[in-house]
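Common to both upcoming complexes is chain A, partnered first by chain B, then by chain C.
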Partner chain A sequence: MLYKLFILRKKSGSTLLTNKKSMLYCGKQTNPSGFVCLLYFRRYDIMGLLNEIAEKLLKNFLSLKKDDWIEWIAQPNDWQDDCDKFNSCYFIVKQMPKYPQHPRCRCRLKKIAEPIPNITAKATCDIRKFTGYIFSDKYDDGKKELFESWGYTIEDSGYLQQLYISQAIQKYCDGQYQYVGVNDHSAKISITITLTNQNGVEQHINTIWKLGQKGTIDLIAPYSGHNY
Partner chain B sequence: MNKYKNNALVEEMDAIILLNDNYADQGLFKGYIGAVMSNFIEKYGFVVADFYNPFTGKSIQPVIEIKKEDFRVISGSVADQKLVKEFKDLFRK
Partner chain C sequence: MKVLEDVKLNEELEELAQRGIHKGYEGTIAKINGDIYTVWFFNPNNRGEFAFAEVNKKYLISDKIVYPERLLLEMEEFFANVKMEKYTHLTECDVKEYDVVQLIVEKPQYSMEGVHKGAYGCVQFPYAIDGKWCILFSNVGENNAHDEEISVAREDFIIVE
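Right, the complex of A and B next:
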């Protein structure tokens, strides 16, 4: 076995480990019953593989199901990874970042109720994503022509803004999104928006949103390809 | 050649960091980090990007053209992640 998982007695219970010297302490989790799980890895183990195992074990330990929602509680740290990009973000378990993120990750997952559109979750979309980008005459990349071929013009920017907001927040809260990763300071998700053209034919398009704190999502890319 | 050495290869949703204060009049300064929406470098010599407050998500510039010589692509290296942290610290309350 490449890993050892120790589910210990109640909080403050002493460790059951005997050969600590060869082990690396990687994290601690508390489940709803107050039991503590300490995770140790052998120092020479491959962390990638261990993270995969640890993720499964920890989710299991926390009794999380794939449709449960969690709030990611990041712990401040000084080492290389910067988990606070996920801090206070709400994820459905089946579409969340890898957990734990890295060795010695001390982040916690707090189980929360499914977010409710416009009550515990909110979407924003700047109208300039349409007026200054999709319908801009400056960019010869076909986006404007595409939207116009579906019957939308720059005059419809306000309508599209509201439509994106209402569809995106509903889908996010229904867990109908895909976690697409993080490469800067914010987690990103993709959501399929359905637009109906003049002939009643539906167009399913990919859009990219950044995840903010406490259930907020903000549109980054209003058109990121078709979802057939 | 890769996107970390050649800006023309930057992809949608890549994180970029500003190398100067050429956009200061629009609220963007050296070290600010944004996400690329479209790469128009071959056609027009710029990318269209989105810059926002990393904590509130509030837009600083939701659609802005950044010339190819004014940015570079952020990588997952420790040094670059430190720059991400420094950018975030500017907005930390």
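Right, the complex of A and C next:
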């Protein structure tokens, strides 16, 4: 705590303190020469200083527009919070995690230029999401039959992998994604992928992607429901 | 090699293998006593889990990783306070990426995501974090029409295939 000591000459009938709300009286004593020593303390506590920092961070945040892009800079700490999962992730302001995440959050948001597909942003997709999951006989969840009804088979896995990557990276960079939360590993976003079935009808499906550092997204769920 | 240096076990030792520490596992040197190094090993299949073991230096190779100063200070403080004799084993993980699993419990943290006992899912990552595996469950949620990806403790599911 920082304390300021004021010694004032008392004037009869006058109010010595004009801003009583900011002062905390601790005591008063009178010395033989007639001065009234008012000992009062202006208290600057550590929380106040931290609140100033938080206010500054919040002001920076409030100056952002919803279509601006930011890089989340997490504050290193030992707390059990989700902030570490957002470190160095790129978000469009209208689809980003709550900021600040918690009262003591000191994470920063750094304004960046819109990411460019395959230059400052990249999508990856493990082909086993199709060969080992969608088209696998191990799972009896109807996905294999669904994709086959649209005219896709396991031989199309490579094509689907590239289709997912190219559509997802473009939509991510255009801000056409939805932030859906976190798991124990990372932040997650949802992107709608459009597949055309054998009759030429478009199928809009939900997919879930892991949001990595510096503009990388990695496919988690290749089918998470339909977007009708 | 010196204390706080990153190392790798370059041979399969029976005594360590029985404790779940295998060739290729990485760790950090916590103490040096002549040729015997006390190493803080990490479980690559279950991130967050660690164990201490004494190893002859001839079975270790340096990874030449340079840690930031802040991390070195944290590790020094950790080694000074941790009870190394408590952490002697690593879990042998039997789960692999793309394994088919079934949830065998009904717990609020799963049911609030729409995933109930009996649901089938697919393991999404080749490793767990603090004993929890990331699993994508099919046909769950509203109208059983969605996939949900949640973290599940190892004891809460069985491997089907």
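FYI, the second predicted complex is superposed on the first by the 166 of 228 C-alpha atoms of A that agree within 3 Å, B and C clash if a C-alpha of one lies under 4 Å from a C-alpha of the other, contacts with A are read in each partner's own complex, and residues count from 1 in each chain.
Going forward, a contact is a pair of C-beta atoms (placed from the backbone, for glycine too) under 8 Å apart; a residue touches a chain by one contact, two chains touch by 3 or more.
Keep in mind it's a predicted model, so treat the numbers as computed, not measured.
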Which term applies to chain B and chain C once both are placed on chain A by superposition, clash or fit?
-> clash
So, A:D82: does it touch chain B (first), chain C (second), both, or neither?
-> first
For A:D218, select first, second, both or neither according to whether it touches chain B, chain C, the two together, or no partner.
-> first
Which partner does A:K65 reach: the first (chain B), the second (chain C), both, or neither?
-> neither
Who contacts more of chain A, chain B or chain C?
-> B
May I ask you to decide whether A:G142 touches chain B, chain C, both, or neither, giving the answer as first, second, both or neither?
-> second
Examine A:H185 and indicate which partner it touches, taking first as chain B and second as chain C; both and neither are also allowed.
-> both
Have a look at where A:T124 lands relative to chain B and chain C in the superposition and call it first, second, both or neither.
-> first
First (chain B), second (chain C), both or neither: which does A:H226 touch?
-> second
Candidates 25-33, 43-51 or 79-87 checked on chain C; the stretch that hits chain B is 43-51
Would you mind listing the overlap between the chain B footprint and the chain C footprint on chain A?
-> 128, 132-133, 136, 139-141, 183-185, 188, 208, 220-221, 224
Touching residues (chain side chain A, partner chain B) in the complex | 80-82, 84-85, 124, 126, 128-129, 132-133, 136, 139-141, 180, 183-186, 188, 208, 210, 212-213, 216-218, 220-221, 224
Touching chain A in the complex: which residues of chain B?
-> 12-15, 33-35, 37-38, 40, 43-44, 48, 50, 52, 54-59, 62-63, 74, 76, 78, 81, 84-85, 87-88
In their complex, what parts of chain C are in touch with chain A?
-> 70, 97-98, 100, 120, 122, 124-125, 129-130, 132, 134, 136, 138-139, 141, 145-151, 161
Chain A - residues contacting chain C, complex | 76, 128, 132-133, 136, 138-143, 183-185, 188, 206, 208, 220-221, 223-226
